[in-house]
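As written, the chains take the letters A, B, C and D, and residue 1 is the first residue of each chain.
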Amino acid sequence: MPGNTFGHSFRITTWGESHGRAVGVTVDGVPAGLLLCEEDVQKDLDRRKPGQSEVSTPRTEADRVEILSGLFEGKTTGTPISMLVWNKDANSGSYDNIKDTPRPGHADYPYIAKYGIRDHRGGGRSSARETIGRVAAGAIAKKLLSEFGIEIAAHVIELGGVRAEPVSFDDILKNVEKTPLRCADLEAAGKMLNAVALARSEGDSVGGVVEIIARGVPAGIGEPVFDKLDADIAKAIMSIGAVKGVEIGAGFECANMRASEMNDPFIIEDGKIVTNSNNAGGIIGGISSGMPIICRAAVKPTPSISKKQRTVDMTTMTETEIVIQGRHDPTIPPRMVPVAEAMVAIVIVDHMIRSSRINANSL
Amino acid sequence: MPGNTFGHSFRITTWGESHGRAVGVTVDGVPAGLLLCEEDVQKDLDRRKPGQSEVSTPRTEADRVEILSGLFEGKTTGTPISMLVWNKDANSGSYDNIKDTPRPGHADYPYIAKYGIRDHRGGGRSSARETIGRVAAGAIAKKLLSEFGIEIAAHVIELGGVRAEPVSFDDILKNVEKTPLRCADLEAAGKMLNAVALARSEGDSVGGVVEIIARGVPAGIGEPVFDKLDADIAKAIMSIGAVKGVEIGAGFECANMRASEMNDPFIIEDGKIVTNSNNAGGIIGGISSGMPIICRAAVKPTPSISKKQRTVDMTTMTETEIVIQGRHDPTIPPRMVPVAEAMVAIVIVDHMIRSSRINANSL
Amino acid sequence: MPGNTFGHSFRITTWGESHGRAVGVTVDGVPAGLLLCEEDVQKDLDRRKPGQSEVSTPRTEADRVEILSGLFEGKTTGTPISMLVWNKDANSGSYDNIKDTPRPGHADYPYIAKYGIRDHRGGGRSSARETIGRVAAGAIAKKLLSEFGIEIAAHVIELGGVRAEPVSFDDILKNVEKTPLRCADLEAAGKMLNAVALARSEGDSVGGVVEIIARGVPAGIGEPVFDKLDADIAKAIMSIGAVKGVEIGAGFECANMRASEMNDPFIIEDGKIVTNSNNAGGIIGGISSGMPIICRAAVKPTPSISKKQRTVDMTTMTETEIVIQGRHDPTIPPRMVPVAEAMVAIVIVDHMIRSSRINANSL
Amino acid sequence: MPGNTFGHSFRITTWGESHGRAVGVTVDGVPAGLLLCEEDVQKDLDRRKPGQSEVSTPRTEADRVEILSGLFEGKTTGTPISMLVWNKDANSGSYDNIKDTPRPGHADYPYIAKYGIRDHRGGGRSSARETIGRVAAGAIAKKLLSEFGIEIAAHVIELGGVRAEPVSFDDILKNVEKTPLRCADLEAAGKMLNAVALARSEGDSVGGVVEIIARGVPAGIGEPVFDKLDADIAKAIMSIGAVKGVEIGAGFECANMRASEMNDPFIIEDGKIVTNSNNAGGIIGGISSGMPIICRAAVKPTPSISKKQRTVDMTTMTETEIVIQGRHDPTIPPRMVPVAEAMVAIVIVDHMIRSSRINANSL
């Protein structure tokens, strides 16, 4: 069973390679009656696209989305929405030297071990361009969720060893796009920029942490016992390339806590049951509690670096060295922000429909 | 779509409540021809069962498994294997005081928000007894994997603030069952025992970290782009109650690393391509690299503690306090070890069959 | 990917062999709040069980269902409902002569071709006892549908060459259980009984046709384009052993009709849009029209007959003959009636939930 | 859960409306290493496309396929294959009069009942243009199967009341494309042409039967008990618009047979176990027997006819009449031939991979 489809009631299937003709996604399960146009999707693609700033790859792609199906007179019809983006600035020549020498930290070798052959140009299917489909689908998911009062925002909270101060959800919304780093603590953002610049000057790259928050998710979504809301979020986040860890709420901190600190007491606020802390990150027993959903992704440094690295030649089975050319992001988290938002949005929409909170057929 | 089924090619469906008549699992997709008996399964259930030591709940259950289908003359036949364990020492009386007052850190309130009603006795479906089905299925998965040279072991590496020293895979196998804490660093285990005892004496509980390692997984399993091997492992681990974080390889450490440290160089060893470090944790681009698969789960402290806690009365919508009675583990990680092994084993078998590495019909 | 699970939002997994310890089913996706007890399920199992009359096998099984999970204080809780029936009158000795000689018309040979081994006693997994799980799950589905005004009834309309006259839905409900043949045209039923008796006296068996009708299904359920309501019904019906054909509405008759006859004109009746004929069988374009859903199953004659038949010895690869012993139904359709009702009910509940017509979490 | 995806290990997702920008399909699960080019797919699309002859709609579409992903240097890479066909000759004006008056026999009314809105131009999503995606995917499935010695052919065996004589598989291959009716009995084809012409001259249309045969399928594929090979074929066939019945082997004839006629005796032929008749249609107990797989689809007459028909105005809820304009096929079975082949091919590939008969990753 192949793995290019995600979700059950709201289901996306992505396709396309970095240097193929196009990349795209089919979104199935969007209820009829949602106002939608290409611009709704383009906004998020513009946040993801390369060439935005000094912290992203200089490959220039307009990444204009085309919606090919599922709309009629400006509204969704309940049928699949097919979207694509043509690949334009595909500069395949610079990849020829890596055909037989797998790049450390890249999926080159595992792809060969699995399929026997691979499209080595620009990472092929394992390229970050695959996330265009996720972001396009996520834009629809976010628009749909906004009809139900649910907002999703992600931001960079750690980069190159610099950790941001906590910021309120409203301040994230306000500040996150103010710097190319998508760190809502603007002071920390400045330090991060230096860390990135330093690493790049040394032919290296840095990792970081992205936090995603969903506000307004009602209590009661998520399916025990395997399709827990946090389990599905963990899968969604971990399925993004370069992610090596996922946390919900207190996350790994909980290992050092006692229950008397960790447990969030229930209280009554404005006539509703809430908790007066949120170490659970809005999910208890796999089901939403009504508190904001909080999760974090650990993102490894961009594996493509200009420093010389050890590798092997798969044809001769000898050790060798590699210097990676091509155009690469010096750090991944800033561009991952819209991708992470998209994946969390998709999981939440999926569970909203699964729990009959959103009608599967029409708004 | 409900959530009690996990896996695609090797698929388990668990059922049962803590104080219902029984708990069980149906395992579909076990190839025909595997030698299997109840004792193969019982061994792991004995590691999971309550009442084993001073660090587990005193509830006493023999937890004897009965295999009801799928075997003929000592071998699997390719048909579903149904297994159950009868609930015996169900002491429901002690839960009456929590019927209307959700326990902090427990799924009580989200279940009510979702279903309107719930079996409140012993946590009902959200009880750790649900993991009996996982462990029973995992025992079959592990036996099947062992036919292909794949071994899986988990151990406690952090508990109550005490962190174990790194231990080799062979030493984990040798030492992990020597202490009730399932920490293979026996010196650290002693300190952990003290931390647990101290917390318990204060009516509290502690969290920790469990590490799971799979050795012998061939390169090339895992499905891009959503059903990545690490994405499925993340879901599998996060679906275990009390887990709040999952890491693969370097995990959250990667946020502070540079690519020149993080990237695992490829080398030739014994004529095979391997990496000379394993920050990737055996998975690159969602596909196994042939190196050991390494993942970790952050486990929160047992939410049931004897300390008084704030909560609400859902019938009167007023704030109140709760003192939890019943029998509980003072810490979860030691008993989670077989559960975590089971979930990782299930994911790996599933992907081995999906990749045609294990024949779906017969050995 | 194994095949013992059916349905998406209402999902059943059956297990068990004819001569194993028990047979059973887990039903996942039953919304919380449905009143349910074992007797609700037993009623349908009693209609399916062997030994009811001269037209069913003399194997005597009480087939008492036990519900092991998912209920609390007489109501469903939204968690999986596990049910089982113990095998008691398993007379395995009579099957020894068929171990190596596949019975014509039976799954013996394909199972060996697929799995290499099989439990040959009583057909093992391919026995009609597998349908116990379907009927038990179907009883829950029917009870749930009845809360929404949907009724399902099946009846035998052709047997041993005798064709029944058309009967109204109310007369089916009234008459179907009056004869062991479950033919609501009581006059035809008498002739069918003779045809069965004659065939049996000649060591042979007869086939027939079962019709299933669902009344009260609202317009608008079914998912284009692959999970059409009729496509899912076709799969559900064809998955029952011995079925070789499925029709919806006019079925194969439509091949000889013109559109001016086949098309059902829309009219207004009691202020609602209906059609004034129902050649479509209540489904157009894969979606329910609001008219009764009508489908039919062609059922082959019981393959186990006492007449001598040609077969092969798989160990020696030589041709031989076989006389089948054991206890068998002289015809299948009468006992298939509750099975067919169950499968159609399961499909309809599944699609009602998928279309948000029934709340997935609670009534 | 939406319904635009079919298959598990070989999985297709179709999208697009009759008068939208394009229609297409994503095929996931094609093993790496298959030689494939657009012409391989175009051949079957040309057999499906409109305007081929006097028995198909005069809408003219070149229906040129574009493969957008999944190929590298002429071979499949194991990644999703996205294909599309642009809609060109979309003449939407002629559909304005049917916006509010559902056409008898069409999905117009059920779509409104389900989604509230619909793209009414040319049937929107329920148009036969949706089958372009099926045929394109089926062409890949057939090419893949041919690598394993499996051939699939369909032909029209009944049309407008004319029934063809039985024809050998080789003669089907030889003759089926010789007439626009795709009836391999060329004499019957002539009579069918007359029946179609007569119906058309009377403003009417005719139904028929398509038979599909798969030769070379090994014994042992198909998954008991719900995902039986025949159950999946039944769903696949019934999911094609206009199909109202599906048969396997003897089909509905079995209702009038005795087991002594119906059961196919096993014999030894060329050292292999075969049956000396094939009433089972190559599938017993849901698993292939190694004999040719034979199934038939009952196809209703094209619902769009120029005769005046009764219907209702959904806005005023009054009865009215409708005369359908636009361009339509006077009969469906001839153009359904490649679609039916495609669906059966997809089911068989899917089960070949599920049974590990075809490696999921690479050839």
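As a working rule, contacts are C-beta pairs under 8 Å (C-beta built on N, C-alpha and C of every residue); 3 or more make two chains touch, one makes a residue touch a chain.
Nothing here was measured: the structure is a model prediction, and the numbers come from that model.
When chain centres are defined as mean Cα coordinates, B lies farthest from chain D. When the C-beta pairs in contact are tallied for B-C and for B-D, the bigger tally goes to B-C.
In this assembly, the C-alpha centroid of chain C lies 26 Å from the C-alpha centroid of chain D. Chain D has its Cα centroid 45 Å from the Cα centroid of chain B. Chain B and chain C, compared by their mean Cα positions, are separated by 38 Å. Chain contacts: chain C has residues 1-5, 8-9, 14, 79, 114-115, 125, 220, 224, 354-355, 360-361 touching two or more partner chains.
Those residues of chain A that touch chain B in the complex are listed here as 1-6, 8-9, 14, 102, 104-107, 109-111, 113-114, 125-126, 130, 158-159, 161, 199, 204-209, 218-228, 230-239, 241, 244-260, 262-268, 271, 273, 275-276, 280-281, 283-290, 298-305, 307, 309-312, 314, 317-319, 354-355.
Against chain C, the residues of chain A that register as touching in their complex are 1, 8-9, 79, 220, 224, 353-356, 359-361.
Across the complex, chain D is touched by residues 1-5, 8-9, 11, 13-17, 20-24, 26, 28-29, 32-33, 66, 68-72, 75, 77-82, 84, 114-119, 124-125, 360-362 of chain A.
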